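Lettered A, B, C, D and E in written order, each chain numbered from 1.
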Amino acid sequence: MVPLSWYLLLAAALFGIGLFGVLVRRNAIAILLGIELMLNAVNINLVSFWRYSDTLTTMSGQVFSIIVFAVAAAEVSVGLALVISVYRRRNTVIADELDMLKF
Amino acid sequence: MNFPILSVITFLPFAAGMLILMMPANRKNETRAVALATAVIDLLLSAWVYLQYLLNDMQGYQFVEKYQWLNIPPLNIALHFGVDGMSAPLVLLTGIVMFTGVLISWGNDDPHIMAGIQDRPREFFAFLFLLAGGVFGVFVSLNLFMLFFFYEIAVFPMYLLIAIWGWVKTREYAAMKLTLYLFIGSVVSLVGVLVMYWTQYQNTGVLSFDMLEMENAGFSATFQNIWFLPVFLGFAVLGGIWPFHNWSPDGHVAAPTAVSMFHAGVLMKLGAFAALRVGVMLLPQGAQHWSWLIMTFAGVAVVYGAYIAFVQTDLKYMIGFSSVSHMGLVMLGISTLNATGLTGAGVQMFSHGVMTALFFAITGMIYDRSHTRMIPELGGMAKIMPFAAIGFIIGGLVSMGMPGFSGFIAEFPIFMGVWGEQWLVAVIASISIVITAAYIMINIRKVFFAPLPENLEGHVGDITVLDKVAITTLCLFMVVIGLFPSVMVPMVQTGVENIMRLLGGA
Amino acid sequence: MFTTTTFASILPEILILTIGLLVLILEPFWKDEQKRSAGWLTAGGLLVAMIVSLLFGRPGEPVAVLGGMIRFDWLGFFLKMLFMFAAAATALLLMDHEQAGKRGEAYVMLLASLIGMNLMASSADLVMLYLSIETASIPLYVLAGFLLGDERSTEAGFKYFLFGAMASTVMLYGFSLLFGFSGTTDLYSIAATLTSGSISPLLAFGVVTLVLVGLGFKVSAVPFHFWAPDVYQGAPTPVAGYLSTASKAAGFAVILRLFFIAFPEFTGMWTMVLAVLSAVSMTVGNLLALPQTNIKRLLAYSSISHAGYAMIGAVAFSQFGAASVVFYLAAYIATNLLAFGLVMAFSRVTGLEEITDYAGLSRRNPLLGLMMLAAFLSLAGMPPFGGFVAKVFVFAAGVQANYTWLVIVGIINSIIGVYYYLNVLKYVYLYRLPNQDEENHPVPLTQPYMIALVILVVGVIVVGTVFAPFFNWSDAGALNLF
Amino acid sequence: MDFLNTHLLSLILFTPAIAALVMLFLPNEDRLHRWFAFGVSLIPFALTLVLWNNFDPNATGFQFEEKYTWYEAIHSSFHVGVDGISLTMVLLTTLLTPLAILASFSVSDRVKPYMMLFLFLETGMLGVFLALDLLIFFVFWEIGLVPMYFLISQWGSANRNYASLKFMIYTMGGSLGLLLAVQMLGVLFGTFDLVTLYQQWNSLDAGSMLMGMPVSTVKSIAFWAFAIAFAVKVPIWPFHTWLPDAHTEAPTAGSMLLAGVLLKLGAYGFIRLVLPLYPVEAKIFAGALALLAVGAIVFGAFGSFGQTDFKRLVAYSSVNHMGFVVLGIAAAGLASGTADAHIAMSGAVLQMFNHGLSAAGMFFLVGVIYERTHTRNLNDFGGLFPLVPIYGGILIFTSMASLGLPGLNGFVSEFMIVRGSYQPLTVYTAIAMLGLLFTGAYILKGIKNVLHGPMNEHWAHGEHKLTEINLREILVIAPLMALMLVTGIWPMWILDIINKAVTALF
Amino acid sequence: MTGAQIIFLVVALFTLGSALMVVTSRNLVHAALWLVSTLFGVAVIYALLNANFIAVVQVVVYIGAIAILFIFAVMLTRRDMRDTGPQMNKSWWAGALVAVLTFAGLASLLSGWSGFSKTAADLPAGFDAISLLGEALVSPEAYVLPFEVASVLLLAALVGAVYVAFNPSKK
């Protein structure tokens, strides 16, 4: 049987990779991809915590992950719409080129 | 007394300020009339309080009103008003300064003179009344929170009043400096006040900002020793205590006339009064522990202020530094912590308030007409405005502590009080009397009796009837108190009695 | 089961949803020039909703409803009323916005995020909490980038979204760990299982850190503040106002409930973390505000520092502390909305946003000048405006909790604050336009602005003078946390 | 009449001040002001005559006492009363004031304030003589300065600013010590009442400690604090330098009062305060005091002799004459209780009175000629006797009185002083008598330069023709001359009263 | 090492490897495709955890909707499809450091937790996860409110996204 720790480490690793993507990618869409990886890491956490908990029947973990799905969908749709909107005005989606507002 | 007279006194200026703000901008004279009416009513009411004050009640507060404002457990904040012998004269003082301040700000449409406030009198009077209301509030509050509340209200209109209507050259700098100084002082006290509040809770289980209850909070000696200085000095900044007096002359100089009057006449009293009421009365042991320091500061202020005033060539700076010196005397009186000195301090607050208001009023009149305040550029004013000259001379006599005027009545017990504690300070501080006499007399001569400079010939006119009324009012108080100290001193003594009780109980 | 209590507990949200749907349905049928009426509908509807909720939706004893998803208590209710008030004011301010005012979507987004905020204030479950935070945030991303023709606005929306998504994901990771450690998503049960026996303080510290990334972002506390100036500057001004007030306040609601309810075991740890955040926020916010020349950026940095002040109350971890935070939020919502409303009213006419552009305003429109006075003095913490009392309360709470050093930091910062707030007023009152004929360049106010601004300015003064009822409500709310 | 009897002193004291206030409201008519002031100033004189008449020289202690609460807080009351010494001084004051006013009828510049200041001055001077309360004493002591300052600085001659300020600062600076010492007494005993203080202060155990010092040290310091204040006023060498300046620059009537009365204030202070309060110190320091007195006599005489300015000459003569007063006082202090002391002291008091008459007369006469010639330079005169014989006669008469010609008043008092002092202070008295020689020298020099010698033709013809002294001026000088003569021939009319008071006191 | 463990390791390595490709590939289309592969791997993990419904949702929603959305978005922002220029910050090493530290920190923190290495009990017989989940989502005693709110959120997001993305004409 696989211990919980393996899943948690997998999630942590995925989270770290996602974070890396968020922090270093210049392209906004790539940053969003990183965020998706992080969200998946969270979901792995949630589901595995559910699976390894003493109270399987409450289903909290699974419900949580379902909600995360919904939120992720909403977030991505709005986010991509914003990316497109920016692209339409500025012809770029490179995050550091969007610097009109820099101090 | 069922009529809530203290509340009316305090809130009337606020209400009037609102009313004035709502008046049409072009009705300048109507605005001024409303302002004057308000000031007169407040003066009469404060005079009523003064006259109805019962002298045989030696310890209590009178005209007490108490409305629960916020009485849930963690905070007991009440609109708790009352006056004692210390504050009643100051309420009257505020009424006087408010009245005279409005009078001399009336404005004159003669383009040569530009006296008073021509530009946006509406806002000016509204802010001035906000200030006045705050000042009244501090003097009558018996609740520490409300005291603080009104204290801050009294501070910030100063910024606008100075910055908008002040002397073009320095107003920005002075207004900001003043506001920051005062704000720093007040927040420093605030920390102390909050600490006192919670310590009271730890000691007695009573959560209340009520100062009467806080008197019994049983602060330990160590606590008092630690927190007395921040609380006292924080407030004393507004009292212009050396070495935190720096803002004061700059502020005086930059402020328009009526604001200078308020500033020096009342606002500095506010600092001294709050320092006394909160610092000394609630932390008596701390006061005893640190009185030497306060006395040192005050002693330096007295002599140093006088000396610096001596070397000024700007009339307003001269008066500004003389205020430092005189407020030093107030602090000196407070620092004695004995009945005589405190009585003197109480009277000095009133006396200096009236006197310095008079000085600034007359200086303003001169400046409005001659467009200069530099003493070497002035002269011959006695011929042009003899009334102002007499007023200034009387003010000067009060300033140098000439017997027969209120200044003497105030300074004498202060020095006596100091004698009782530390005679050397009295000896050193008394030097200021001679210095004061010197610069007052020299400058009176230069400004009023030296020959009129040619460039002023023909431009400068006499002061208005309103100005004369203001001068007369102010002079009257100084002379009456000087001749008959019993009109005020017994009242102050009742307040002092209370302080002595707290000091003795410590 | 559905009971009257259940219904009452989500009555405001139901009403808001109804308004939103009404806007969505009616808006296509309106002619172009009528479309700003959506603002009337929103504001009026929210007013009705507030009244109805006050009549029928008042909480009694705190009770968990809907399976413990939300807590029906006074804390949530009072904050909901504040948010609805803020949203109504924002709707009014939006109405005469050139590009956004006639778009029904703006009001729909506003209402959607309002639902999210309302739920943030009462959520008692991690699932619900996360969802409500996102419900509040996602429409705001849209609102921030609402001006499609404006590069700054789209960029603001874009940045807000990127940072927001990132921060909320990190927070979510923290939530998932919290769930894992305690085995439950119910905040009130977490406290029981999450004892120092079950997890080490270090682990708790890790979780708190992760969670604070998201919440710190919401309240724009340093070091999660860097988005705020850009977004406030770029977003439509009323939205910026809404962001800096209601959104921030909702973040504080979560901080209060989450930390007070779920982490009582680790109080010493998280109060210290919050204290540091608070001190840093105040200091950095104020220092960076000093050199600003754009008024919206100035307000942004000031809002960062205000997050720091409000946090002092949370650091105190006492009923009084919590009450002082809530009171602070009430005062701050009115104040800052007023400030942004004024900026909006001014720039709508002049199109200018630099502080120097405000020269002579007090002559161009004396009323506007006075309102600026009220708003900025309240921000500076001067009586008789709300900011003063609020600041005194949080400072008092800090002193009570023996965080005197933090209070002193706060006080030093207040002094810095006074300086730059007064600096703005200096332009309003002291300086004049170069050509000196200010009176010929009036700044007229339209009806919605008049209504909104007057209500706000009255609110600022009422909170600052008749503070007792507001504090009583705040305190009643705070009581629910203990 | 009952009211008059019980309030006689108050009436004398306050009539001039009240009259001055009434003048404020009189129409601006110079003649009216002159006559009003003159008429009013006669009232105190008349009242003083009543007082003199009702005074019982044989009763000990103070008479006509009045006591009202004044400054309760520091236990000071308005306490007045007269004994033989003060009665003499009151008489002098009330006599000289109308004469001075009459003498200043020629003043045409700002008559109203001028006359008002004179009346205030009278109140101030009388107050000092009447006060039986240390604080009241101090109050009037200082108040007197103000009118005098303005009289000099406004109506004085060329160098008036310098002179008036010097006068002010010297006196105030001198009074500083007095002020502090007064305060110390007030702190120590809780009262300012002189009668009480006489007893309590002297009953202090000399060995005990006060403020960290032995009582004797404290007393010595306080003694000098008092002594210097009075010494400046008298003035005693070396504190006299303000006096020639002030006298020279003051208007004629101002000089009359300055020399006639104001200088007596200092001497009176010695008699009323220093000797009774510090009998022991007075003994110890009598030598030093006498040395200073002799210094004043000798240097005054030399200084006088060296002057070319007629007015300065007279001014220095005051130093010289007042030196005798102090010498008498010093002797009385040293030998208190003996007949020598009584004689010396009586002589001193009488000398005060006499000098009041003669100095006032001399200054008036200088003023008379100055008004006509606008010069005071002795070298500009010469041989004027033929031109103005009446004036010349009067001048010679007055000079002789001043010089101490037997048969005139000066002789009596100087003789008594020398007689009384010789025993206790032999050496000093001997030197002082040498000084007397120079007195003769300078007075004769003055007369010679003015009246005799070759006539300066400048004054004989044309527009500069010297006119004879007029009736008004004669009316001024006549009472003085009459008194000089009467006192010289029959001094007992006044000496009796003085002597009894002195005997009772010392 | 049991079979389940071996399967887990294989899937995990596949997932992490794909994830690494997502964040490193220069071509965004490739990155999006690698995301699909990662998501698929995560779906298998869900299946391993006996969360079959979640696994299905993962495939349907994530791969079917979200990932496809990404690909559209990438294609719509055409210019940046060209993989010219650096795809990472100049300070990418700092980002890497943060990421590694985050992982290390999380791992070390988690390893200190008492339940870190616990194993799961077998599912009870007749355990019907899907119906339990369904009930939980609609029961007023459980998660009906989030469920409803999620729908509000999705509606709002829809309205917002349409407004933002679909507004070509107005300037």
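Points worth noting:
Everything that follows uses one rule, which is that a residue touches a chain if its C-beta (ideal position, glycine included) is under 8 Å from a C-beta of that chain, and two chains touch if they have at least 3 such contacts.
Given the structure is predicted, the values throughout are model-derived calculations rather than measurements.
Common neighbours of chain C and chain E, by the contact definition above: A. As a matter of contact connectivity, taking chain B out of the picture divides the rest into A, C, E | D. Under the touch definition stated at the top, chain A and chain C share these contacting partners: E.
Ranking every chain by how far its Cα centroid lies from the centroid of chain C, the top place goes to D.
Chain pairs A-E and B-D differ in how many C-beta pairs they share in contact, with the greater number at A-E.
Taking the CA centroid of chain E as reference, the farthest chain centroid is that of D. Distance from per-chain Cα centroids to the pooled protein Cα centroid is smallest for B. Taking each chain's centre as the mean of its C-alpha atoms, chain B lies 70 Å from chain E.
With each centre defined as the average position of its C-alpha atoms, the distance from chain A to chain D rounds to 104 Å. Chain centres here are Cα means. That of chain B falls 41 Å from that of chain C.
In chain C, the residues touching two or more other chains are 127, 131, 134, 138, 141-142, 145, 148-149, 157, 177, 180.
Among the residues of chain E, those in touch with two or more other chains are 106, 110, 115, 142-143, 146, 150, 153, 156-157, 160-161, 164, 167.
Looking at chain B, no residue sits in touch with two or more other chains. Screening every pair of chains for touch gives A-C, A-E, B-C, B-D, C-E.
Those residues of chain C whose C-beta lies close enough to touch chain E in the complex are 1-2, 6, 10, 17, 24, 66-67, 69-70, 103, 105, 108-109, 112-113, 115-116, 119, 125, 127-128, 131-132, 134-135, 138-139, 141-142, 145-146, 148-149, 157, 177, 180-181, 198-200, 202-203, 206. Remark: chain E residues 2, 4-5, 8, 12, 15-16, 19-20, 22-23, 28, 31-32, 35, 38-39, 42, 45-46, 48-51, 53-54, 57-58, 61-62, 65-66, 69-70, 72-74, 76-77, 79-80, 86-89, 91-92, 94-96, 98-100, 102-103, 106-107, 110-111, 115-121, 123-124, 127, 129, 132-133, 136-137, 142-143, 146, 150, 153-154, 156-158, 160-162, 164-165, 167-168 touch chain A in the complex. Within the complex formed with chain A, the residues of chain C that make contact are 126-127, 130-131, 134, 138, 141-142, 145, 148-149, 151-152, 154-159, 161-162, 165-166, 169-170, 172-173, 175-177, 179-180, 183-185, 229-231, 233-234, 297.
Those residues of chain D whose C-beta lies close enough to touch chain B in the complex are 69-74, 135, 138-143, 145-146, 149-150, 153-154, 161, 164-165, 168-169, 172-173, 176, 179-180, 183-184, 186-187, 211. Note for the complex: chain B touches chain D at residues 339-340, 343, 393, 397, 400, 402-404, 408-409, 412-413, 415-416, 419-420, 423, 426-427, 430-431, 433-434, 437-438, 441-442, 445, 449, 484-486, 489-490, 492-493.
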